[in-house]
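Since the structure comes first, as structure tokens, the remarks are kept for the end.
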Amino acid sequence: MENKLGPERNVLLSLKGVHKEFNGFVAVNRIDLDVYEGEFLCFLGPSGCGKTTTLRMIAGLETPTDGEIYLKGQRITHMPPQQRNIGFVFQNYALFWHMTVYDNLAFGLRIRRLSPKEIDRRIREVAERFELTDVLRKKATYLDLSSMQRVALARAILIEPYLLLLDEPLNNIRPGLRELMRADLKRMQRDLGCTMIYVTHDQEEAMTLGDRILVMNEGRVEQIGSPLEIYQQPVNLFVAGFIGRPPMNLIPVQYEVTAEQAWVVWKGYRWSVNSVKEQVEKSKPERGLVLGIRPEHVRLSPEGLGIPALVEVVQPLGRKDILVLKIEDTLLQAVVYGGAKVREGAIIWVEVPLRDAHLFSADTGRAVAHGIG
Amino acid sequence: MVCFHGDEGALMIKEKGKFKRATSSIGSIANLLNRESVFKIMLVTPMQLLLSFLLVPPFAIVIYLALVNWQPIFGSWTEAPFVGVSNFVRLFSDRQFFWALARTVVIVAISVSFQFILGMALALLFNREFHGKKVCVSVILYPMMLPWVVVGFIFYLLFLDHGPVNYVISSVFGPGATVSWFSSSVTALVAIILADIWQWTPFMFLMSYSALGAVPKELREAAMTLGANLWQIFRYVTFPTIKPVVLIALIIRALECFKIFDLIFIMTRGGPGVSTESMSLYIYRMGFRYGQLSFAAAVAIVVLVAISLVARIGVRPLLKEEL
Amino acid sequence: MTWRKWVLGLVLAGLGFLALADPVAERALAGLRELMNAGVIRPGQTFRIMIHSGQRGQLAPAVEELSRLTGLKIELVVIGYEADIYNKAMHEAIVRSGDYDLFLTFCNWIGDMAEAGLIVPLDSWIKKYDPEIHTGPNAYVKPLDLFTTQYGGHYYALGMDNDALVLFYRKDLLEDPNEQAVFEARYGRPLRLPETWEEFDLITEFFDRPEQGLRGAHLYLTRQFAYTSWAPRFIAKGGIYFDPLTMDPRIDTPEGVEALKEVLALQKHMFPETYTGDWSAAYTFFPEGKVFWTIAWASLGHWASDPETSKIAGKVGFAQLPGEYHEGELYRATPHVVGWSLSVSRYGKAPEAAYLIAQWLNSPSVSAQCITRTGTLDPFRLNHFKDPNLLAAYGPALGPVLLLNAEQSFPDISLRGANEYLDVLNLNLNAAAAGLLTPEEALSQTARAWQEITDRLGRGRQIESWQQEILRYPRHIRELWVKLGKVPPELAGL
Amino acid sequence: MKMLGSRRVGASQVVRPKSTIFWILRWAAILATLAFFSFPTVWLLSISFKPPIEWMAFPPTLVPRNPTFDNYVVLFRPELPKGTAGAMLRVTEPVTKSFVNSFIIVPVATFISVVCGFLAAYAVTRFRVGGAFMPFFVLTTRMFPPAAFAVPLLLYYRWLRLIDTPIGLIVIYAGFTLAFSLWMTKGFIEGVPRHVEEAAILDGASPWRVLFTITLPLVKGGLAATTLFVFILNWTEFLYALIFTSTRSITVPVQLSHYVGAVGRFYGPQAALGVVASIPVVALGYMIQKYLVTGFSFGLLKR
């Protein structure tokens, strides 16, 4: 992967061919990755895709079966987690529940044999920032979840880690509070300027938080890039289908070449793909192509223009409606402004603007072209 | 808010309105049952009934017996002469009593601490997956499931002068190295304590192991990422987390071990002489073999008071934060 | 009278006729029949006998037979450890449940049981039904007739057992001419069965060959039975447990100390199991051929002579225990260790019927049959020693020796508090065997404890009991005591 | 910082000396433990298959020279032909009766004990009923030496006519193990975070409902361990069983003591009965095994 944030930033962590198997099951499949200082990287993927395992290998809680991990240029593949100085915030926070909040926060510092005075100073400072001052003397079990999360974060930050790893820390928190805490986290990361890797299966979270997003599936890295890149230029069908709500419409199409003209053909409709002919030709289009169009890019057109479609379902979301359209036997989703006043059972006409469409190889699933014409 | 944490951390239910609303349709009996004061009482009632039924009258009889002078050969127990504290006076001038007490304390101290250390070490050893773990656990737990009588005679046979232990010793170190285990107080106690450790380490193991299983591995991992080494993780994270369970296991073992009877009875009968006699054996000898039931009652009361004092002074502070 | 009782009476009469050969059993059955007719007991009524597990095999068939004969339901309640029988019996004295009708216990416990009010005197019934204890061809071996039945001048039990110890030795070795020649050359005297304990000790030393896996002897010095090795020497030396007039202990005398020193000196020729093991050690080592000789109960004879359980079957000899010479006369004293006897519970529903059941079991013919089966009861009546089946079970050689030993046997302490007196003695002797106490200390500590017990239980009554007990010792021992001035002649019953 | 491990990137097996040593040490420890805990057990099994002459034979043999099933057969058929251990023993009745008694008395007593103990433990932990004094008071019941308590209890039981009845023993067993039921379950209940219960109370559940549908499932592993332990204590108890039974309700340990015969202790049948007697406990342990270890690891911090 190339460095989209520019070569001027230092590589903090790099994974080289990191591979992990559990009794023959490949959890993480030869990952290469560079993480830059100060960035907020999100690991995004469905559950079981290996993102947590990767995180745990970085922290040293798992040992890779193969490959190497470097932190600040030092190989740490087999270094015990105690020596790595990497902070880790667990999904369930893993607070020491027999201890007070204060003792929880002081834990790492005491291990590092700081003077009690210094420990106290640092804790006060961090507690202030995290609004934990009032609960310092409480036992960890008696906290509410939001405080628990903050304690876990504060505890990890107090050891001044090179890198902070967060494993779905907002998973347990009810919606609403979740958005607030997400914003908190982002602000905090910016203030502290620390490097974070954040694991989530929630794409909205990843999109809002991450400077970059790493999309994982079945142990493999599918794509790394900024949220916008991932959204606009998904590298393959998986990323295309995974990112975006509602998901991208994926339509199998034929490729035809007639007299210098290249077309994709679907149910008698044809679109010219001359502008990307070169790319298309490279991808062995005779095995088929897939046309991808995000629902939000499907546009209503005046009656008689475009493709006629039957409105199966209308899901009103207020300002927007999600329409499920049926074109012959194919379902297509579209997002339209609520003002459109479409009724279920009606026939409407839609347009697929090629400029926002993506073409994928049906054979390999790889992206062939983004934005045609 | 209907509930909050009381000063001592107990869950308190302040208003009853909540319950009332939830159950008003069921009727007033359910309502009554659900009232906190009634609920609390009903929880402890079965235990109170059982214990009062079983213990109060016999305990009164024990106190009565300790204050009179009665042996079955003197006739009816209800007509025994009142002697005040003379049974207690006699007890405090009995060297054998104090020796038995001291010996029992030593047995408890050695045996239980070994059980604790071994059981804990084993629990830590087994607190990760490996092949054949289930079988190993079953093997370790088995001794606990045997009747004491059986454990007693296995170890008696093992430690006989011509038993397997001496056989192994003589084949490894030569015939001169064998030990006549039951011939002296110290070696006989070693055999007895070994038997007790063998039988009851499994209990400490089971308790620590179950408790360890309840500690989420993230706690240890969190400590790891914070820089704690293995010992620090155990000392500051794992052990404090399982401490309530382990402490209770320790107390239970100590109490049971204090009453150690069967093993000694079968292995040495307190011999040679009275040199391996535990408190229970002493009471048994006085009360059962010699029929001095009044004296035995006095001994039992003194022992009970002594242990209670130890428990109040020594154990309560330990448990303070758990209570 | 209902027809049922008639039929039952007829059956009992018929069976009684068959048993006529044994008038004791016949009288017992007749008595039961009478009680049934009188309505004191009824058919199907349950009677329970508390026994030790070692006797179930011996008694179960007899009890079944009696149930069949009488229509009563007679059950055996088995207790595993001997010591527990004392506890359970004494608990019955406390709770008076009436669950038991008869107790088969150690005969030296009857003092405690009688004093606790648990068992009833049998004098009138013995007079009425005559179990032939003292006289006749089927009488008890003397002095068993006295000390297995009496306490405090009354009959309290019917003895069921003879636990006079026997000396078991390796006949093949003792009669080996080579061994005899070597022995004579070394000690200047012939190798033969010992008359005195001194000879016994020499022979023990002679045959102690650890390098060949053979130890000289196995004598009990265990926590429970240590006194059985010390007491025969002590008594044969003329020792007596208590002063007959003051009840002061007389065990820490020169005889006592000397006897203990002799026993302890033998320890170097014995396995340590003598004091660390339990009583089954002798039953292991001797049949395995690991010790030259041992002193134990008659049942070891069975065990050692049976090829199934013994490696030395056919090589076992039986002998009297040695003694001591006093003025040219040999005095042998054999300890009668424990010994089981039947006593009648005061709290049973029908004590007289229970007594009759006991008498039936105790009768010459029935007891002979019981003893023929394997168990802890051994022959105690004169007729037993002539019973061909019984002698066949014991082997022809053991019977006569057992009889001789029984005739010289002396009882365990059987005062009230006997259990305590003996246990204190045992634990101190055991401690001496382990080297925890010197012989002098062991005996003087025992003496002190005995004084305390006597004072606690009432010295006056204990003196009285002890004087009665002296009369139950065999005649030759009483004569020895008088000769040595230990007992005034008028108290020795001579 | 020290770097461990091989330089070969891409090797599938990375050699780690430190881990190997740990691995060896761990397995050495496990094997030593197994040896220590299994040897007496193996010896017990070995004796149970030995004929009488080998019970105490020297040199001892681990594998019986003439293995026999007599010791097991004699448990169920005491009258055996001559030449067998059974013929020498002939002192017992079949073990079936005592097993039936134990199977009635022990589970009932264990159930009562654990239920009473659990309820009381809940009251003590959550409501502090009886203050800090009460659990200690209950614990004192366990401090009393049975040898001193048996006779007074006997006097009392005689008055109640409970001697030699299953109910009598059930009450004794339930009562004297109650302290353990209370204390053990108390430890486990304390491990349940209170907010779990709070949530249910806020949802309007009655206290009984909270107890049985929230707390109980969370501590079922602890209850399983407690039940097993109490069951074992009751199953193996000897002194009270001996004193409070005579014919009708003897239990297995009392039966065990009956294998003392005319010529000493019958170690073979005792060992065999020991093995047989442990089967119900092992079976119980097996049945509740999955609760035992993982049962109360409900993820104390998870919701």
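In this document, chain identifiers A, B, C and D correspond to the written order of the chains, with residue numbering beginning at 1 in each.
Just so it is clear, a contact is a pair of C-beta atoms (placed from the backbone, for glycine too) under 8 Å apart; a residue touches a chain by one contact, two chains touch by 3 or more.
Everything numeric in this text was worked out from a predicted model, so none of it was measured.
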Checklist outcome for this item: Of all chains shown, smallest offset between own Cα centre and global Cα centre goes to D
Item to check | Between A-B and B-C, the pair joined by more C-beta contacts | outcome: B-C
Item to check | Gap in Å, rounded to a whole number, between the CA centres of chain C and chain B | outcome: 42
Next on the checklist: Counting only Cα atoms for the centres, state how far chain A is from chain D in Å.
Outcome noted: 53
Checklist entry - Using mean CA coordinates as chain centres, what's the chain A-chain C distance in Å? => result 93
Checklist outcome for this item: chain A and chain B have mean C-alpha positions lying a whole-number Å distance apart equal to 56
Item to check | Where chain A touches two or more other chains at once, by residue number | outcome: 83, 92, 94-95, 97, 142
Checklist entry - By residue number and range, which residues of chain C touch two or more other chains? => result 87, 94, 278
Checklist entry - So which bits of chain B are touching at least two other chains? => result 5, 9, 77, 160, 162, 216, 218, 288
Next on the checklist: Please output the residues of chain D touching chain C within their complex, sorted ascending.
Outcome noted: 52-53, 55-58, 83, 87-93, 151, 154-155, 157-158, 163-164, 242-243, 246-247, 254, 256-265
Checklist entry - Given the complex with chain A, which residues does chain B contribute to the contact? => result 5, 9, 216, 218-219, 221-229, 232, 236-237, 240-241, 243
Item to check | chain B residues within the chain C interface of the complex | outcome: 72-77, 156, 160-162, 180-185, 188, 268-275, 285, 288-291
Item to check | chain A residues touching chain B - in the complex, by the definition given at the top | outcome: 59-61, 80-88, 90-92, 94-99, 107-108, 111-112, 139, 142, 155-156, 159
Item to check | chain D residues within the chain B interface of the complex | outcome: 26, 29-30, 33-34, 36-38, 40-41, 43-44, 47, 55-56, 58-60, 62, 112, 115-117, 119-120, 122-124, 126-130, 132, 134-136, 138-149, 151-153, 155-156, 171-172, 174-176, 178, 180, 182-184, 186-188, 190-191, 194, 197-198, 201-202, 204-208, 221-222, 225, 229, 232, 235-236, 238-239, 252-253, 256-257, 265, 267, 270-271, 273-274, 277-278, 281-282, 285-286, 292-302
